[in-house]
Amino acid sequence: MTNQIIQGILLGGYYALIACGLSFMFSVMRIINLAHGSLAVFAAYALWWLASRLHIPPFFGLLIVLPVMAVIGWALQRFLLERSARGGALLPILTTFGLAIVIDNMLFEQFGADTRSLAPFIGSLSYDSWEWPGGIYVGKLAVIMFATAVILLGGLQLFLTRTRLGRSIRATSEDPDTAGLVGVDARRANAIAAAIAMVTVGLAGAFLGMRATFDPYAGAPQLLFAFEAAVIGGAGSLWGTLIGGIVLALAQTLGAQVHPQGFLIGGHAMFLVVLFVRLSASGLGLRGLLRLPSRSGS
Amino acid sequence: MSAVSTSPVIERGTATSRIAAIAVALIIALLAAAPQFLSAGAVDRMTALFIYVILAAMWNALAGFGGLVSVGQQVFFGLGAYFAIRLADAGLNPLLALFASGLIVGAVSWPLSLFMLRLRNGEFAIGMWVIAALTHLLVNLDRLVQGETGTSLISLNVYDAGTRRTTIYWLALVSMTALLAILFGLLRGSTGAAIRAIRDNEDAAASVGVRVTGTKRLLFVLAAFGIGIAGALWLATSITFQPKTYFNVQWTAYMIFMVLVGGIGTFEGAILGAVVFFLIETWFGGAGVWYLVGLGAIAVLFSLFLPRGLWGTIEERFGLRLLPVGYRVRLPGNPAAPADDGTAPSPQTTQHQEKA
Amino acid sequence: MSLLSVENLVVRHGLLQAVRGVSFSVERGETLALVGANGAGKTTLLRAIAGAHQPAAGRVLLDGADLTSVPSHSRVGMGIALVPEGRKLFVRMTVEENLLLGRTAGRPGEWSVDKVLEMFPNLKPRRHARTGYLSGGEQQATAIGRALMSNPDVLLLDEVSLGLSPLIVDRVYAALQGLIASGTTIILVEQDLNRALSVSDKVICMLEGRIALAADSKSVSRDEVTKAYFGLHRQKAEPA
């Protein structure tokens, strides 16, 4: 049992990785990107392609894929989200949903229905484990994944509080109009935030491919995991996503103990329970739930 | 707009709309008689079209009028089919089961609405998707369904193929007409004013005493009921029930496509969108993956460049209104100006603008 | 050449014309007070100068350069800073962070966090407090400090005394006097007519989006301004 809990916590690291980009984009641009999961799967495919065709191992492949993801994020914000967000809060949902359908089916067209994995390209890392005191074995990959999540969240936190660019992004997220009046280029800040979010998505995609298999339509469940972890943890708070990821993973682990099909059910049920408790407690709806102050102005 | 002494004229319909009303009656009569002339394949396709119209109109009711964009409406589609299977298995007449199933879906959606309607925008959208995913998993646990293997509505086999086909055709036609009539009645009635107020500005509507949550709940339950019926009808046409097919997010993707292309928040737009989708599917459905890529891409393009859809744009351009759900004020001094009656919000107050 | 000039500026909010053809100019080192009733268009005018509203017609010139199509964040870099009505601080960020944001545009100059804290000593102990928790006076000081941090040539102040106790207002204006003395060009919107007249070189009274009166603050009588304020002072016949 202890073993399962530890595995669950480490899996939570993956959910934190996939959730932090979603949460970050939501807190800065107030947009929930429904193509989030599909873009992670896209990154996984890109790494798979580099590894299987050009023999570039995934960890080196990241050096290519992450900058590409950054560019994609920037372009996504500049050409799609910026325009669509001008039409109100509902339109970006439709735009990004359409985008997800395009990405999923393009991947299907390009790579077919076969499931793929990056595991064959990372050598023994995919199955090596360390023995911890008490006869507990933890996978090296799972530990690396968790450590990456912690480093990434910590790094983002430092970036947002200690750098001029980070402050500009936070200011834009609070009030884009006033940010402009103090000299912040809100469009640029949003585009950079989207680029950063997509880099985290690229990392998440890499670990998705290394720890499991994926297929062209694997984006939707990743989006749901990301959303659930972000909401459980209280989106908008970076470390919250780590807690949310861990809670989600533990609920799934517990569900799998109860019933063979219980893994996903456990996760979804936990999400709804947390949501229900918070909504009943706050009485404020999700705005209160996410601890976001209402934006001044329109 | 300077004051002219003559008082403005308030109309419900226009000359065009009166002609349209007669045309609608004619079209329905023609459609009712159509199975006499159409081939078996064409009858099946027309049944599919009616189901698409239901899906589009119901999603539009929720998103276009209630301001609630859901990507989880497949939950009601799947449940509609599932409950029909369950009721038929319990011995209910299969045709009766289709309708009863819709009612149960509507009933189930009410407690769900208490919870889900407290989420906003994107949270509501994905929250519904989570509900759909969870429901799908739970339905899979039912022994009758046998997991992803699925089951069939075997009891429909008591009817011979020809009778079954035309009966389902008529059922679909009746369901579509009835659901559209209910929606039209809602929009024209006192609830309609509340719905339009919410669509244009939810906070302002609430501040002048519009029952925002109650109205949204009504739309949510109506949409669930309608989509449940659509799912049950789809089951009747295809007989087999595989949870994966019915709880597929693709259904919501179709709904979004139809409404975005047709014109979100316009009554006629959803119908137009369903027809467009039907034609595209008929012509390009064989193109497989590229067909789906195309649907997604068109949805993205419409959301970016023509967010009011085909009908919204036509309405705006020509001031045309076939099935008027609102009031129109004509100022005698200024006949050329397209009067704003709430159904054609000016660009500053499109239905998508939700003041956050 | 005037430091800042506004030529026939028209700003619309939807169908409403908030500013209807306003022209004036401000010389370097001058202080201009904008007065007028609520809804007269003062705030809109100020925000249009800062670039927060796109004008429907007319121009804004800084040192002769046309700013009309320059976005607000670039105007900060060119030397225009606004202290917005209602302060509009970033409430989830600290005093220091808010001040540092003022540096984003990166104009060289004398202002630093320490210098702002010297000017407003009451902020010193609150340096690392989130601005959401500050008192009104402390918030206003932070807002002014944030604008100063961009080392502006023209400082636009929108109702800095709004919602503050008279004692705090005195303090804020004492600080402003220091700025004026040091030669900073200021345009301020102020409801308190006496204060507006005493602090400024020139006064403009707005009425329904137009200039009802433009005068020298030292020579104009309070009565004259009051008349303009209430629209009893129409110099020119207005089109019906």
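Labels for the chains are A, B and C, by order of writing; each one numbers its residues from 1.
Everything that follows uses one rule, which is that a contact is a pair of C-beta atoms (placed from the backbone, for glycine too) under 8 Å apart; a residue touches a chain by one contact, two chains touch by 3 or more.
Owing to the predicted nature of the structure, the values given are computational and were not obtained by experimental measurement.
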Most central chain, judged by mean C-alpha position against the global CA mean: A
Identity of the chain that, by mean CA position, is farthest from chain B: C
Chain A-chain B separation of Cα centroids, rounded to whole Å: 32
Approximate Å spacing (C-alpha centroids) for the pair chain A, chain C: 43
Rounded Å distance between chain B and chain C, as computed from the means of their C-alpha atoms: 52
Of chain A, residues touching chain C in the complex: 161, 164, 167-168, 170-171, 174-175, 177-186, 293, 296
Interfacial residue positions of chain C with respect to chain A in the complex: 50-52, 71-74, 76-77, 81-82, 84, 86, 88, 90-93, 97, 100-106, 132, 146-147, 150
Chain B-facing residues of chain A, complex: 26, 30-32, 34, 80, 83-84, 87-95, 97-102, 105-106, 108-109, 220-221, 223-224, 227-228, 231, 259, 261, 264-265, 268-269, 271-272, 275-276, 279, 285-287, 294-295, 298
Chain B to chain A touching residues, read off their complex: 63, 67, 69, 71, 115, 118-123, 125-127, 129-131, 133-134, 137-138, 140-141, 249, 253, 256-257, 260, 289-290, 292-293, 295-300, 303-304, 307, 350, 352-356
